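I've put the structures underneath this note.
Shared between the two complexes below is chain A, which pairs with chain B and chain C, respectively.
Then we have the complex of A and B:
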């Protein structure tokens, strides 16, 4: 499944997708990515199955193909149908205080999974990773981890079923034992092949992958899953994280664990267009959760790449190019009402609706979302963060 | 008598609405107001209190230099060519509870003004902020339209912005474009006992102000989710604490009753008849499910945290 370095280098001229870099000439080709990585497409029949098993409509991200790829999601569903539960694992690399909508996407989806399947969740804050890759001090990365935890909590996770941990706090004990077991199964050449490390990279980087792999195994959390070595793990993440988990899946059977299953999302496009993912370092490439209604309106109006024609006459004649229009894409993520989205796509594509109207609707929706998030975030106290991050049993985690 | 300026300002602060206030000698006209705040950041507004032949009242709030053609407006509202007149002076005091020269969107906070239709100049949206009187002529408040909307939503009013320059033809095939904004009931002037009740405390007034059908058919055209959520979102700012069951229940009841009251109106009663109950229930579910889940999750997390904190700080039993 893994190509060796020279093949990767050739592909790199076209598009680069790995945990630390996402770029392409033009649009990201997701078909090629699925093929290259070797994961599966999420087809409509799986989505229907999810709806049936959970007794509720599938999340908007499933319906719209935002989460579009998976590994072994079938098996999770098969086991679930037999009455075997699973746990969720997702995470965040706390590299900046400013969280944008793209960051929230996996968390919004994970919350839906937690509610729909009624399963526990562990959230890893990789403060150590950011300390190493972004050259932050230990204290700063720990501080950012706590700050980001507040935004994550504001997404609405159930405290009685969720354990948030930061690597600097939690690594040790059973977790570390698993890290070592994993590390023993992966050769240096292998990590170089998967992650592209060079002789110049410090050893911290080289030895990091097991840290992100360990939460895939239930024995890493003895306070939660003692006696449940057979518990499966489902990892919602963006597709650039796939390399970590390909490595983990390789290792799992050798350690006697189930391979973790994955459910993967597209990248949230930047405001200026679909050539990469949103970057926390460019404030106008994204809508932040701290943006005011005014900021949002401004950013959408000024920076959101429009697929509309350059004049009203041309627009009415030719319609908008929905392939590249960012506002319509964003609506695809956040406008819940399928019928309304369809209507907008039809009218805008035919030129009967103007860009301004589409942008206005988007601004409405995003403002509401951001305000709801802000309110929730304001309710998160330091004590609440401590409680989420405390190493404690979760007796009701499957209720 | 009605809401006082101080009560209004306090309410704005409670809602965490941004505004600037400027005191000045009493002014009765826009020109006079301009002398004191004309140089400040913000656009002046002119506010007309109007009445139609069926004793329904309207506030038209526009940028000061906007030409408001009452004949055109009257036609667009479906009132015919000469349907709109300036309201008599007594109505100012009785309905809006403000003195002469003080017509302002804020007056809608009074229960007596619950049937008044507010038309806002679309031009406000492109201004950084606009000036309005806060229920008295010795002060001007500068506020951005979004914050004004927040306030209006909090008192159960859906803001209606209108292009006051437009003069669309009205005829057999072109129905009056603003007809949906006309209040569906004739106004009943409040009797003295109601007047006393309406000035008793913020909370109570807030509840009674919601007891009016918001008869904006325009709302039905917009996806109702957005406008309802907008309204409930701003009311939500009243309770910032998630550990208080009383406050949360109040908030939930308020959101639910406001939907019930806005859906139970004549046109829906005719349309749905016995199914009205089902329709309202579905409306409530659709509009509130997400919001309520969010509120209750936060409540649960807050409670758990309080318990957790208490547990981890527990003193060992003294023997």
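Then we have the complex of A and C:
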């Protein structure tokens, strides 16, 4: 083990963030994460620039710091300003039937980016990854991939600019060639340093990073980007995916490609409090897009960690602790009205608004949002899934 | 490191046999190899049984012990006797433009098996492997794969029963699904034990064994074997490929497949003597299918290691040492007439025949064989290569 690895192990006792585990003793220290990963904070000047270049107000996830870190995003903007286009790449590991709100965050943001910049988007469903990590059968992973594709499509992506693919269906040809080219550039010691694999891990795990790296290079998609090897790629994702793309960015220049740029989000907190990502094994830790209005109300009232005081009297006296209050954090993601959010924060923080009132407002907002999603998903037919996943050119993708 | 690995290391100082290296201090000890790998010797009763079941005399490579070891070949014969068919799988790593005689050995034998048992055959060209191990570009590996396919086709395979594929073209779909299923069953420690990878090896190497394993399972070829998941597979190969298939056989029952059976050959010796496989880096160590009659004559006269004595006088007195004599060994591969071979061995061994005479006879035989191959190869058009490599059903493959 080299020095870096053992430093990393030291730190991992405090805070572990990788694609398969997010945990910390207290809250995730995002500043430390930025420093450790070597990415940059997304500062207000970049956000202003996005607004200026796209002629739209910045998305609430930008204004509120949900997407808070990046790698080379300014280069994407420089190129865009010169009139060059780029493409977006995001993805999902289909490990569960129903998505929760945290799963929607990158897709909501990616839709905004697609609309604002008018660029094509590839969405990778890593059914092979989940088959290997969660020990699902191939068939079950593929079924989940299709189910998840429906939720993704329900987020409103433009079919004339969007290609969704499952690895089990799509790996091969130019994509496989890029996997091999990438794999040639990365030693086993390197992936151990980045991902923490051990000798007892199966070789499917060791083989997977190039699969997630390949979509960062336009030549993996000959039906979309033939003759466009110079096209830049922007990846919106949660910051736990950063290790894959650190590896990809190391490799890119050796293969003659641009390094993919990244724009990275915080983790969406669990109802029980902000110590990591939500746990798929505890259905009460998250609000799912399949939850009824009653479920949502119950979960918020029963499980959402409150920063309010233990009695109305104390609450009026001391006010709520907004730093730990989950309803306020959730409102920060999904209540678009800045003025109303500020009002709630002020009143609740001063103790003039009670926890119950904040939870009621959050319940309204999430119920409306989940119902809207459910209606949109119900309208997604199998034919639409086939259409989004068809291997095809997208002649109007840059319009 | 477990006990096995360190035993292996001890032994490797004496004799190294793996898919990328064959070396020994003296001659390869095949008995030791059989014991170490855990395969069986091909005994005369199995060879008699092959003759009986196929109604043909056994191939010279069987009679002379060129194919000398096996795994579960008797199970293939049992099944065949019950009226069940099987399929053949062999392959080549396309690392050089021209094949030498040693490269032809498995293909000549595979053609005999195809004709004798009337069974389908898949031939894998591992252009991905050579791209990774020999650091060739993707394009160069693919070009070599096509060139080598012409030499393979020139061996006379039946197009109605033969599918040739390059990994770069074919990996994907059901084949990729099997790669993932196989990879899930093999730990990194396991491949280190089998193949001796180190942490400084790139992960492409670690990812490759499932690619070579996948063709052992019929479901990797849906256009050929849909609904035939129970079909057995027989792999003719040189014994250095055994590690891949030991791994494959470990995995097979966990995936619900038969273990592939193997029939394994000695290494074709270098002109300079029998200490391993031929070296691609020394063109004078082997006779290539591109060599002219003059080249062949020169190479045999100049480089073929002789067991004859240093003077005619001594030769007449002591006779030739047939154990080390390369011309006699080569005749053992390619002189089909048993009586003539026996005559040469007796006369040469007794000193009544001189080295020059033996070399002259070998030159005749190899020149004729190489010229026949060259004529056959010249008749292989690009259209024929496309036809053999077309992803297609083979409706008459069991006729």
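In this section, the second predicted complex is superposed on the first by the 396 of 399 C-alpha atoms of A that agree within 3 Å, B and C clash if a C-alpha of one lies under 4 Å from a C-alpha of the other, contacts with A are read in each partner's own complex, and residues count from 1 in each chain.
Assume a contact is a pair of C-beta atoms (placed from the backbone, for glycine too) under 8 Å apart; a residue touches a chain by one contact, two chains touch by 3 or more.
Being a predicted model, the structure only gives us computed values, none of them experimental.
In the superposition on chain A, A:168 contacts chain C only, with no contact to chain B. Of the two partner chains placed around the shared chain by superposition, neither chain B nor chain C is touched by A:56. Touch criterion met: A:183 reaches chain C, while chain B stays clear of it. Once the two complexes are laid over each other on the shared chain, residue contacts for A:207 go to chain C alone; chain B is not touched. Comparing chain B with chain C, more residues of chain A are touched by C. In the overlay built on the shared chain, the residue A:128 is in contact with chain C alone; chain B does not reach it. Judged by the touch definition given at the top, the superposed model places A:381 against chain B, while chain C stays out of reach. In the overlay built on the shared chain, the residue A:337 is in contact with chain B alone; chain C does not reach it. Interface residues of chain C, counted against chain A in their complex, comprise 128, 131-132, 135, 138, 167-173, 176-177, 180-181, 183-192, 197-204, 206-207, 209-210.
For chain A in complex with chain B, the residues that touch the partner chain are 153, 156-160, 293-294, 336-337, 340, 364-365, 368, 371-372, 375-376, 378-379, 381, 383-384, 386-387, 390, 392.
Taken in their complex, chain B has these residues touching chain A: 144, 146, 223, 225-226, 229-230, 233, 236-237, 240-242, 293-294, 297-298, 300-302, 304-306, 308-309, 312.
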